[in-house]
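Chain naming follows the written order as A, B and C, and within any one chain the residues start at number 1.
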Amino acid sequence: MSLLGLDGVFVSFGGVAAVRGVSMQVEEGEIRGLIGPNGAGKTSLINSITGIVRPDGGVIAFADQKITALAPNIIAARGIGRTFQHVELFREATVLDNVLAGLYRHHVYGIAAAIAGWGRARRVEREARGEAHSLLEAFDLAPLALVPVGDLPFGIQKRIDLARALAVQPRLLLLDEPISGMSETEADAAVGMLRDLAERRRITLLVVEHNMRVMMRLASRITVMHQGEILAEGAPADIRNNRAVVEAYLGEDDEHA
Amino acid sequence: MTWRIGLQLALSGLSVGSIYAIIALALAIPYKASRVLNFAQGELVTLGAYIGLVLTSYGLPYAAMVPATLLIAAVFGLLIERLFIRPIIGAPEFTLVIATFAIGLIIRALIRIHWQDNNFFLPAPYAGPALAIGPLRVNPSYLVMIGTTAALVCLLALFFQRTKLGKAMRAAAVNQTGARLIGIRVGTVFGSAWALAAALGALAGLLLAPVVGINPELGHLVVKALVAAVIGGFGSLGGAVFGGLMLGILETYAGALFGAALKEIIPFALLIAFLLVRPQGLWGTALVRV
Amino acid sequence: MRFHAALIAIPALLLLALPLLAGSYQIYLVELILINVVAAIGLNLLTGNCGQISLCHASLIAIGAYGTALLTTGWGVTYIVALPAGVLLTTLLGASLSYPARRLSGLYLALVTLGFLEVVSIAIEEFPNFTGGVRGLKLPPPELAGWPLKAAGLYYFVLGVTALAICAGWNIRRSRYGRAFNAVRQSVIVAQSLAISPGRTKLIAFCFAAAFAGLAGGLFTAVVGFIDPTEFDISASLRQITFIVVGGLGSVLGSIVGASILTLLPEALRGANEYSDVAYGAILLATLVLAPKGLVGLAGSLLSRVNGKGPVP
């Protein structure tokens, strides 16, 4: 039984079909790659899974429950997290505050408790801060806890984005171009960290990434999209040798394949 | 309700609607051009009326006073845009909204400091007793309001279709970057839009003055014009005119049929209804879902 | 840490000792400041933290005032019960505002709140039996369990309630709800990805703003003894906004600082409304253009430059 199932998903904008009848299954524990040339429909697909965009047709199911067209925050509460291609951190807040924001879902207390500031609220806040600190530790961000994120380099911001997404304790994590903008060394380290993450925390990953080299090393299975449809799906080695995939990318600047 | 009374009310509704329409246009034009909604527009109406008052007190005859007032108001509009709006053009919406409110507050307070809350009278050569046109009794001021608005709409249509500046304003409204790329001086467009809006506001003020007098609260009916602009859709000039006229007529009929209290509520009931169901108005462009 | 303690302790001591140090007029002024502080804290949570524009804060204060007043005069409810009841009433009405806020933002929200302001003004005029219409409503001094609240007694009551409000505001801002407010303000999409419901968060923010406003209104009836409906128009709402813009958006300290300094402005100008309106408008405009982070923000940058660190959040 797959964790995420898409069945005939259609997404279009103003008459242009971005996603045309995509069906795919992601098993729990996988690291699934989603690649394709620009305009293939990857982002629209991701957006329809997370609920930002409403599919015009098809069904999306997560953990055996339909999530098609649910509100994005409900989908997130069900256990789907995401990181953002352009990071989208809260720029003026500190690293700690960014990660704390992610703990909203699982560290809960009522409004009355919040106003009073003692009792349950205090206890849960302490737990939350503890959790936040351990997340920061896990990502080597602890010394930067009180620094406003706006000043930090892009690579570090990506780590913060990831830490924040993990704070929601997702079962499935969608990563939108997590490696883009990183140097080779940073990219290698990131790949190692992501694999580690998936294994130790038992999170299923769905990674959208342009960088083929990284994708080959990271993913256990790859889905290729082209012009809104699925072109191929399989193990990295198979995909690499797939003629149709290579041709689809031939029109692209293709330095990593 | 006899058809005679019905017609009478329609006329009355159209005339107040015309004023709403003019002010709604004054709101829509700078919004289209610079994406700023000028919450001080009401004060520009008041300011126009007082400028007219001052010029008249200096002995300027009516025919000269009107264009002079519009010109001076236009200069004010330009100054406001250059000095206060230009520096904050990219700021978050909160800043833009509150800044224009602050400008309005300052203008109104300065007016009150100089003239207190007195109500002044501005005589107009066309104002007088009701004319008898067929079975109707028509206040000549109403006819002037309606006629002026009709003429204004035609002039503005010509301006935006035929003149270089008008076409530049339309281009900049659709795509600022694109307009810049083809050589349109966006700064000039912004300034002109605000100057035009201030002049329109002054026109509304001058039309109102013979009917309700001049006092610092004159501009309060910008709230009604805002409702009209919402109904028509921000960014649609035709919509602004339609919204204003429709609001004027609805209000007047509601008042006659259901009493004064309902008359007051109608604009806000419409506002809430539109904002909930169709915030982009009848002709505005669709909003991105929040 | 010592510095912070002194910063709080000194004004606190002064406030506690005020009835011994000052005359009844100065006490009245301080009571007005405290009322504005309460209202400003609520507005700052809504606008500064949650990013929702509200032009009708003054109307909410008016509703709190009228609500409390009508319960005490019309229904004979004792003040200590009427006050929270007024807060509840205002909160319910404020909650209804959040309904359009769910789908609208920025400009359109501003218009809805403006519409609300107008409707409240009309309602006040159209029901003079309840509200005294444009003439206003005169009120007898409040009672606390049979004892009349006036002079020093009233002052300490207002001071105590304000202190509680400040604590509440601070706790809320530091809680998960405060974090949700800030998240929704900065990016609705990111907030949603963190399982934060923007609609529910805005509802909570509006309720808080209304509750604080209702409380301020209830205190107002006790302190001033007379409700003049013209005092709760758009200028009044702008004044509330000026407090938090000048003090610092999103900061409880900012609300306190802004309300404290600017409440005294009309007194300092010793003149009619018009002069203080010009001053408010000019200060508001100048702050928006030149120092959008407000006084707290300026102090923060100054401090960090002195300390040699980066900007303080």
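Everything that follows uses one rule, which is that a residue touches a chain if its C-beta (ideal position, glycine included) is under 8 Å from a C-beta of that chain, and two chains touch if they have at least 3 such contacts.
From a predicted model like this one, the values you see are computed outputs, not experimental measurements.
By C-alpha centroid distance to the whole-protein centroid, which chain wins?
C
Where centres are the averaged C-alpha coordinates, which chain has the largest centre distance to subunit C?
Farthest by centroid: A.
Could you please state the distance in Å, as a whole number, between where the Cα atoms of subunit A are centred and where those of subunit B are centred?
Whole-Å distance between the two chain centres: 49.
Let me have the rounded angstrom distance from the C-alpha centre of subunit B over to the C-alpha centre of subunit C, please.
One centre to the other, that is 33 Å.
Whole-Å distance, subunit A centre to subunit C centre, using C-alpha means?
41
Could you list the positions in subunit C whose residues touch two or more of the other chains?
Residues 198.
With touch defined as at the start, can you tell me which subunit C residues reach subunit A in the complex?
Going by the criterion above, the answer is residues 167-168, 170-172, 174-177, 179-180, 182-183, 186-187, 189-198, 204, 310-311, 313.
What does subunit C use to touch subunit B in their complex?
Listed in rising order, the residues of subunit C that touch subunit B are 47, 51, 53, 55, 99-100, 102-108, 110-112, 114-115, 118-119, 122, 126, 188, 198, 234-235, 238, 241, 245, 273-275, 277-278, 280-282, 284-285, 288-289, 292.
Give the list of subunit B residues in touch with subunit C in this complex.
So the residues of subunit B touching subunit C come out as 37, 84, 87-88, 91, 93-95, 97-99, 101-106, 108-110, 112-113, 223, 226-227, 230, 234, 261, 264-265, 268, 271-272, 275-276, 279, 287, 289-290.
Give every residue of subunit A touching subunit C within the complex, in rising order.
It comes out as residues 50-52, 71-74, 76-77, 81-82, 84, 88, 90-94, 97, 100-105, 107-109, 111, 114-117, 121, 125, 128, 146-148, 151, 164-165, 167-168.
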